[in-house]
């Protein structure tokens, strides 16, 4: 079928390619003309403006937005201005699910459908297919089924559904009314942060398994490592990540990627350790707080990312200031120290 | 090759079957004669006692122990009494890696090899193969390669190694000297707890996504749910778990199992929520503490299990006692409440 | 000076009494006529309605609201309807600071001042004085100084300011424009939850110090307590709380209360351990999330309260379901258990 | 009465001075002769060696050790060599309580008493008195009562006991047999870490209260701050800490110190934020783990200290590596960023 795509960045462009490969017709637009030209060369219909794009679509029109959350609302409004009752706007980006609730209410007055599609799969989605979590009105979602089916991994992903009903085994799911798709995607990312932190902490412990083999200052203030002979292992982290992929309880796609990353760069020298977070992890916790659901693992994982970016610095300085105030403890430049009678 | 197996519970018996299927000869013993008889019927050589078992093995002998951690040390000693220099004892259970360090030092005086093999895969290992994390002396580990190769998933697991060196892609890895295998397995389980908690917390948030649709007491002391219209989703958790398996970033074997469990019993009525923990999660944190490695996600996951068993009760009562002392707050039987000017 | 007070619950009534003791004239209203009569007997001027109350005040009027957060906004609107430019409304309750930002903007159009006063001190404030965190326009805050000075502990609190400038040493502080008072109070409560949890967890550990003296089932699945001879202390928690009050680093008012509570009821039999939370702890975390500030201790403390009310139950059941799925582990009714090869 | 003191560092020297002020006779030794001379000038009896010190004491002798944990065991052994049945050794340092259990068992064979005295109060103890948590045999503890009473704050601390039985209101407590004193002190420090973290996190949130007033890059990848108009407060942290000291629920001695520190150096420029930890916080968590008691707040507080010293770096790099692997996300040098379709 035919679809319009606005936003031809890493994600948007790949999705267009995957759709075209499946035989769909894509009308595409981006603020960067080169991105349009790239896809036009491969068979997409380029559109010079939002108006142009909407004009090139047959009714009922479908425009998919693959944009940064910060500008999605504005672009959706601009698209809606050219649309008519029965048309659909799809937000495939990382927007707050609340936007979809609001936007759907707003646009429904004009007879437009607003769909929110959480999209997971990253740069691998082009080949592997995208996992789609969909919110929106039943009929509009149903009409877009061929698009979803083509973007999703489908039954050929090795995990063939055995007589399963529904579309979930194919990698896409209508989760509920507008907002439900991004809500599920939001929680997905919250979980993702927790899982990533679990691997990262574990690997960090394995890395320290040879702490007992390292010499330490015989400083009277330093707590000595108890029983150093229990910490004399030089663990090959890349090999461990690899072996866990085969038959262990913690096998996962993230572990597959981790094993690859560690094989290529065991010391991770390419990275400084400032870990970004997108909005979803934050919104997940706000939802947990609103609804009174305990989420200490997910929150700890998120806050660790904040700390990785230096955001705990003032708090840490205050701890040092307190220690100095009650115990006269002066900060040490390195390694754990023994406080004196705190 | 030939191997002796002591401990024919769920894990031990399955491993014997998998080894026999691969053509190995298994001499087996258990305190429960019926367990011996069961396997003998299927081709194993039964042994009536530890002495009998050791006597039936050719030199250099290999005895694999698949026992509860609490009795492994004692049985290992009994086995060692009948062994000679060059023989090997393998601890495949969930022992503390420190035991392996100690036992290896002890038995090496007699010329015995002590191998510790962390074994992951649970009840699925019989068919799927076990992920093996191995510690011990080089030569002894090498000699047991056919056993490890048969227990592990091997190259047929769908994740075929592409020209990879080493054994990790086959699902087993010599991690280092005695103790290294159980150390890696220990951290494996620590990670497992973190991952499981991430999924569980996320699913719990999804379950609460309809909090805004439920009526609440208009009690003056109760904090009302802000903006209830953002929490009116009835999410089908089983379907969500299923769709995440296909193309999403958080696909994993644990998710596969979760999807199956939710499909069979969406309300999880079979379970009360008292979550056990084995020693590994605890030891992982002790290792983190000893070596000064931050592991807040893993520790939170472990402590949540303690709390699930009611172990926070006294602490919670104390919180209520403090609230009563400063604010006159009386505990409410249900739902979150608004404190007054704490 | 003269002030109107609406909301004569535990907090409001005590504040009126403290103000009258300091010589201020209080016009009081509540939906419960008995509460009005009680205070009228002690010298307050009763008002039968909001209109009556406003009518009895001299210009520029000051009306202080001491109401549940859920109805403050509505009552403030009703009060404002009878007011004129130059008058002031004070919200002394536990409202979200965002309300004050919004309300101040709204009422300023009519020339009204909106002050938000975070009030700490609980049931002890009547005698001990209230700690006041104030937000609002400079002039209005200044005009109310006699009220704040009378409600606050003042210089006689034993912590006499030594030549200090400002009002903070007297127990009240103008923190900034409208919203700043409740913002500071919000974080105050967030901190409070963290401190309370620290004491509660520590006391719970002390309570378990005799774990090694208790007999445990010799169940093969149960991880035995390592080295039970290190856990044979019967600690008197009430005595420990008392001794810490004198000269230790962790002395505090909350500890004073804890010591009293433990002395009166060491086993805390009066409490079930369902711990409520007011909105402030939740809003504190939302502010941390919005601004990218790590707050893992405060969030963990909040989430523990959610868990104390059973809100982790579904998550815990899911953990049990996963354990059953991969390891065939059946939940045990009691005590930690050893998993088998997870 | 008479007492020997070995270890004349910050703590030991102050304790000797406080004891002498109360009329006790102190025989003192240190590896640094200048420390001995300092105290001898003020009335102490100097001793050139351990043997000399023991020789100068009347039977039954009491030797108090105020030494780094790393050397206490060795010095205790040296002291014991010169002692006789009925003599007592007191470990007043920050040793693991397990040492006291072990040492008491060892020395009791020779008829010696081993007391462990957890000592809190830091550099303020000289004037303010020390809070003492005491473990050891009843009779030996009783005999030392005059020493404990002099070191502790006593009834003059403003918190006079009102007809209280026991010594706790005077600031010292016999907690149980050998080990109990250091056990209680251990948990004390665990709690201390949690309380300190609660204040530090809260202050950090207050510091960020003006995040909405700061300009941010309009980068398409950056999650914008929602509703920046709610984050435009410039909070004076020193003033807030001061006001909280007067009448609020979170008043404490640590807050008193915090207020002083913030007044002197609001930006905490003297500190870098590398926060040390002594052994007690670590041992507290090991005890919680051993006994199955949830302590997520205390553990999070400890792990934050580890992170403040850069120990999360490898874990953070691994998170960045995973993000790069699945999403092509390149680390940003500054500020939170929006991930794209994780």
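Quick notes
Which chain is which? They are A, B, C and D, in the order written, and residues in each are numbered from 1.
Here is the rule we use: contacts are C-beta pairs under 8 Å (C-beta built on N, C-alpha and C of every residue); 3 or more make two chains touch, one makes a residue touch a chain.
Just so it is clear, the model here is predicted, and its values are computed rather than measured.
Chains that touch both subunit A and subunit B are the following: C, D. The minimal number of chain-to-chain contact steps leading from subunit B to subunit D is 1.
Chain centres were defined as the mean of their Cα atoms; on that basis the chain farthest from subunit B turns out to be C.
Summary of the copy comparison: rotating subunit C onto subunit D for the best CA superposition needs 180 degrees, to the nearest 5. For this pair, subunit C with subunit D, the centres built from the Cα atoms lie 28 Å apart. One inter-chain figure worth recording: subunit A and subunit C are separated by 36 Å, centre to centre, where each centre is the mean of the chain's CA atoms.
Computed centre separation for the pair subunit B/subunit C is 41 angstrom, with centres defined by C-alpha atoms. Among the residues of subunit B, those touching two or more other chains are numbered 120-122, 125, 192, 197, 199, 201, 204, 207, 249, 253-254, 282, 288, 290, 292-296, 300, 304, 306-307, 309, 311-312, 315, 326, 335-336, 342.
Interchain contacts join each chain to each other chain, per the touch definition above. Against subunit C, the residues of subunit D that register as touching in their complex are 97-98, 101, 120-122, 125, 128-133, 152-153, 157-159, 164, 166-173, 175-177, 179-180, 183-184, 187-188, 190-195, 197-199, 201-202, 204-209, 211, 225-227, 229-236, 239-240, 242-255, 284, 287-288, 290-298, 300-301, 304, 335-336. Chain contact summary for the complex, subunit A toward subunit C: residues 249, 282, 285-286, 288-290, 292-296, 299-300, 302-304, 306-307, 309, 311-312, 315, 326, 342.
Every residue of subunit B that touches subunit C in the complex is listed here, in rising order: 9-11, 68-71, 93-94, 119-125, 189, 192, 196-197, 199-201, 203-204, 207, 220-224, 253-254, 257-258, 260-262, 265, 268, 270-280, 282, 296, 300, 304-309, 311-329, 331-342.
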